[in-house]
Amino acid sequence: MKAGAVPRQERVSAVNEFLSALVSIMFHGLAYAMILYVVSVGLSVTMGLMGFANLAHGVFAMAGGYVAISLMSRLGLSFGPAVVLAVLVVAAASVVLERLLYARLYGAGEIEQVLFTIGLIFMSIAAAKFMFGSSQQELVLPAALRGEVSILGRMFPTYRAFIIVTGAIIALGLWLGLERSQFGARVRAAVDNRRMARSVGIDTDRLFSLTFALGSGLAALGGALGGELLTIHPAYAIEHLVYFLTVVAVGGLGSIRGPFLAAVLLGVGDTACKYLLPDIGAFFIYFALFGLLLWRPAGLFGRA
Amino acid sequence: MTVALETRGLRKNFGAMVVTNGVDFKLAAGARHALIGPNGAGKSTFINLIAGRLTPSAGSVLLAGENVTALSQEARVKRGLGRTFQINTLFANLTVLENVTMAVSERLGRGGDKLRFAGSRRDIVEEAYELLKRLHLAEDALRPVREIAYGRQRLVEMAIALGLRPRVLLLDEPAAGVPSAETAVILDVMEALPADMAVLIIEHDMDLVFRFAKTITVLVRGAVLTEGTPAEIVADPRVREIYLGEGRHG
Amino acid sequence: MFVYRSAATISPVDYMVCSHRLRWPELLPWVAIIAAYFAFPSYLALGAQVMIMVLFALSLDLVLGYAGIVTLGHAAFFGVGAYTAGILAVHGWEEAITALPVAAAVAGAVGLVTGYIILRTRGLTLLMLTLAVASMLGEAANKANWLTGGADGLQGITLRPLLGVFHFDLFGRTAFVYCALVLFAGWVFVRRLVHAPFGRSLTGIRENAARMHAIGAPVRQRQIIVYTIAAALAGVAGALEAQTTQFVGLNVLSFDLSGAVLIMLIFGGVGRLYGAFVGAPLYMVAQDALSRLDPEYWFFWVGLLLVVTVMFARGGILGVADLLRRKVMR
Amino acid sequence: AETVKVGVVLGFSGQASASVDQMDKAINLYVKQHQAELGDIKLDLIRRDDTGPNPDMARRLAQELITRDRVNILTGFFYTPNANAVAPLATEAKVPMVIMNAATSSTMRLSPYLVRVSLTQWQQSYPLGQWAAKQGVKRAYTAVTDYGPGHDAEAAFIKGFTEAGGKIVGSVRMPLKNPDFVPFLQRIKDEKPEALFVFVPGSKDATALMKAYTELGLAQAGVRLIAAGDCVPDNELASMGDVPPGVVTMGYYSAAATRPQNKAFVAAWQKEYGPDSIPSPFAVGAYDGMAAIFYVIEKQHGKIDPDRTMALLKGWRNDNSPRGPVMIDPETRDVVQNMYVRRLERVNGKLENVEVETIPMVKDPWPRLHPQ
Amino acid sequence: MADCLTLAGVSAGYAETVVLEDVSLTVPEGGTLAILGRNGVGKTTLLATVMGHTTLHRGEITFCGRSIGTTPIHRRSRAGIGYVPQEREIFPSLTVEENLVIARRRGDWTLERVYELFPSLKERRSNMGTHLSGGEQQMLAVGRALMGNPRLLLMDEPLEGLAPVIVDMLMGAFRRLRQAEGLTIVLVEQHARIALDFADAAIVLDRGRIVYDGPSATLRGDSERLAGLFGVAAKAASA
């Protein structure tokens, strides 16, 4: 055997190592991204389409998580039905909240909306703590989602693979169902000018209730599905707020595709940065936010 | 004749659509000039290019011989350019008087004063009030703009521009939405403007145009179709076909 | 906007010329502060902190209320001011009063630079950029252990007695009076500013930037200037905090603080100069009282207070006050 | 009768409310159990919420407690910066201050009126480093949260580990606001060290970290997890999922400890707060803090003199603590206690920190290594 | 012919402010009514009141025999009232086509037909609503109202900012609409001549009250009376 053989082998293994690092960055990044996406796209809907600065969006995600977990632990439902039911429950509850409170603030300035939603966050933190205690809740995954699966010759947690697939399906569904339908246009019309929208026959109240339910339902879905990754605890809404806002801002307000791309960028970027340059890990998100927003102030898919 | 405003090969496109297509245009000091043309011909765009609200894709804008193409809107205003907007662009929550005072105090370079109270310059407020009186707006002086009728808001548009005492005044459909009776007010005011002020007016109200303008440019699809006196323009069959229509204004 | 009803008797010109005149209710905060000093000698520490927040909220009002720039990162400047004053003191500059202008200058410089970069954007984008600026500064302060003490906080601040006579006492008397005087100066300055043409033009920019351009106002420049001024003012507030607490922790740069000052201002009323004077004390006193009654769940009640305020008191406490006054005058 | 006022400054709301909740429960439990010992001395506990790492607020609250409520003793202090900000007041007002949690070594030097009953990072991570090396671990990786206590833990572990002959193959500092630890652990998994030392603040982060450890199968890949006790708070174990057994931590208290003092404590706790409630080390810190405070009150018959109090506290010793013997070093005023090597195991289907080795009466090594 | 729109003793305004006082009028099905009057007399307020944008203080509004005084705005629209507001109120975040499509309701008017009427809109179909010239926005506002296939069309100065040829074309189109489809039209217009030429009946408002109500022919021939009503003599004479 020639002398050069050993170094070549080493080189091959270095390349392999690099590739496998890449695969795992992509994998974990995507899993994280999908949860960010599902929650944030709901915010993109309420904030972008409806123009409501809903900082309390995370509350609905948290509620989704709590409801799903309670359904599982107290009523013994299994994961799937619990998540679906949680989404329905939260969406329904959000409509009540919307009719009673949010609706009165549609005309108000964003400043008022900010104050109101911060108030809601405070109340939700206290309420969650009161009802469920201050420690975090464990989401018990069904056996099928535990353990690892092999992807491209590496082992990966099944749960995360599941998240990635589900997230992608939801994204596709939303894109087909929302971005390409008239629904979005109607909502935007209603936000631009409520009176005129009504004058062309749009029932803005009903439309807003529906939209709001959709946004909060998505949040609940993200909260419940992602409960294992972004754990459910009373301060959930405030803790992840910056991430949700970032995804929406970078994606472009009101867009459905935008947050997807933004979530992937941020999720994978964040993961890559933690993996490769852990010491500046905390800065990544802000650098990314800074750079992306200065480059495209309206977000990746925002309307100018 | 001194040229107050000139454009050379001015061009603007939005994406693939060319809205202003190489316009060479001159406005003499003291001119009373009208710009007419079909809807979407590019008249407002032309004004926006001159005022610096839009950046041209090519060509240049000269104010009193100075090339101002690269300058900001505010720099052009400082060099004597004033304009109105076709679609009301006002401080809706401020009073009518505040709206106009704002313009006057910017003209006098006082707008950035930080440690002197705004009210300490009574002359500024008085000048603004005088303008309101001329435009028959005095009774509404202390009402927030959003509460007054649309037609009167159009007059506030005009008052703000006049508060700048520009050497070149660009008026984008000042009479649109102003009832016939009040158009007379606008006409009066315009006719009383200083003789050396160059005025370019866009208007679809041909009565007003023919009474006021000494010269007219017809813009079609972003390019100058023809230029001439009112009589020449009315007589031009192309203009009648494209813009004026038959049987009227004859 | 004033009630134009009362203007019927005087000419519009007179009315506008007089609009900056000092009205008696404007002196109420000062009466209250002096009264508080004598009436609540055991609450002076809280009083000093309230006044610092008032000054901080006042600076935010310039940006948010007058210039219409919504920011979630105003703590950046407060923090920079606090760290500046703190670091100066740790390194031997133990004179408090002269440290204030330095803190203002440093915070102002940060405001100028960041403002220059981010003020070209609007809305949510701007909001996120302000947040990013503050967060990056916070992370940097955490990392720069050697300078800031990192998460353990900056220790070892000692100050010479003010004017060589008044040392910062345990009861907070000196701190109270010191903060009150600085706040007074800040108020005089801000009041001048907002009643000056500059302040009016900020309103113009907020209302309709397109028109401001068209009347020849240098819009961006004015925005950057007001952002810088507000940053400097926030820096002074931060410096006061560092000096009266004699400690600086990472929280001075936190999102929580940015949020808190925003809440206080909106609670009081935005864009009306006195929102800060009403919002900060009420909010802080409410928080203090509620947290004493119910240390575990007090923020539920604070949240409820905010929600109720928004529902029934648009425009904050002062907004309601205005409304009531108008009703009464009818 | 005398009244003793004790100001308790803790973050009842805010990020660490779960841990503070434990402390509050412990305080109440102690008072309930021992009230009688005070006789007719009235104990007035005044709780104030500093809302989190909020030094200015903590300082203001302490100031008010001192000037307005005229407290005799200050206690609580979850966060180091808060304790640090209050320390000068303790000196100025001569109010003894019993730190129930904040764990940065240098804090003690800020005032002669401080004592600490919890622990220091050095006290726990330094011996852990030594222990690990002695177990034959050659190559270790450290991962800590990027803030003061994390830095301390990192330095302490590395010092202990390398002094005993180990080698550090890599170190990473993870951001404070960090929802997902998987990327860091994946990287470490790829590096294949023999052991991974971890410090993260308790509660949420701890659970997230343990989950990531489980999910990635680090144990199966041959990476042993050795951690500061904060990573496995007893009260959070139930929500950590299928953590593979064998995680080793160093800590001063485990609810699973079998010594009688602890059994009695846990029994009393569960009687009070329900059978599902499990006391955490935070609780024991607060519990012992109350013990120290009760001690000085009784000794002085309710007439608290600051200097006498400090003299009493220096050298105070309690053999009845649930954590085993504990005392205050008269010199540094810092806590001296047994440190336990614990292994995470499933006992009757529940995860527990089983004490496997005791390192008796550990002093904080930091002052020795960092002379003034 | 049945009455399409009736106002009986209507007083309306903004919040507490009363602008219209005791206004009564009737427009028969397929009829056309011109509303004239000076600046700020309440013309816009009148149309807005029918649409439900204002506060109705007193009186009754009947549309196709049904009282609609308290009906929500969108139901009025769905019942067949189309509205072209004075300030156009194009939805800025929608494209031209979206502006039209969201107003679509079953009927003869389709996207194609609107584009046929205003070919320049078709060219700009994917422009954002406010990236249109003033005149184009006006066309869009009219087109949007037509998309709803109304039985009653309320138009507040729909000709403002339109080129003379387009004005001619549009007025012609309205005439055909009225004849072919029996559309009822209420038109506010500053140019009295155009309005009076077009409408069967006219009302003149002054400070919120009706000061003339009758056939437009009467006014058309009587420029003195017109001038007396609201001083448009100069204008009318010059036409």
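Per-chain numbering from 1; labels A, B, C, D and E assigned in written order.
The rule is short, and it goes like this: a residue touches a chain if its C-beta (ideal position, glycine included) is under 8 Å from a C-beta of that chain, and two chains touch if they have at least 3 such contacts.
Note that this is a predicted model, so its numbers are computed, not measured.
Think of each touching pair as a link: the shortest run of links from chain B to chain D has 2 of them. Listed here as common contacts of chain B and chain C: no chain. Set side by side, A-C and A-E show the greater C-beta contact count at A-C.
Work out the mean CA point of chain A and of chain B, and you get 49 Å between them. Centre-to-centre, using mean CA coordinates, chain C is 37 Å away from chain D. Taking each chain's centre as the average of its CA atoms, chain D and chain E sit 76 Å apart. One finds 28 Å separating the Cα centroids of chain B and chain E.
Among the residues of chain A, those touching two or more other chains are numbered 125, 129, 282.
Under the contact definition stated at the top, not a single residue of chain E touches 2 or more other chains.
Contacts with at least two other chains are made by residues 13, 17, 21, 146, 175-176 of chain D.
You'll find the chains touch as A-C, A-D, A-E, B-C, B-E, C-D.
Those residues of chain D that touch chain A in the shared complex are 13, 15, 17-18, 21, 146, 172-180, 182-184, 186-187, 190, 203-204, 207-208, 211, 215-217, 235-236, 238-242.
Residues 47, 101, 104-105, 108, 110-112, 114-116, 118-127, 129-130, 242, 245-246, 248-249, 253, 282-283, 286-287, 289-290, 293-294, 297-299 of chain A are the ones that touch chain C when the two sit in their complex. Of all the residues in chain C, the ones that touch chain D in their complex are 42-43, 45-46, 49, 139, 142-143, 145, 150-153, 155, 170-172, 241, 245-252, 256, 291-292, 295-299.
Per the touch definition, chain B reaches chain C in the complex via residues 51, 53, 72-74, 77-78, 83, 85, 89-95, 97-98, 101-103, 105-107, 110-122, 125-126, 129, 138, 141-144, 160, 163-164.
The touching residues of chain D, when paired with chain C in their complex, are 12-13, 17, 21, 47-49, 51-57, 59-60, 63-64, 66-68, 80-82, 84-85, 88-89, 92-93, 104, 106-107, 110, 146-149, 151, 175-176.
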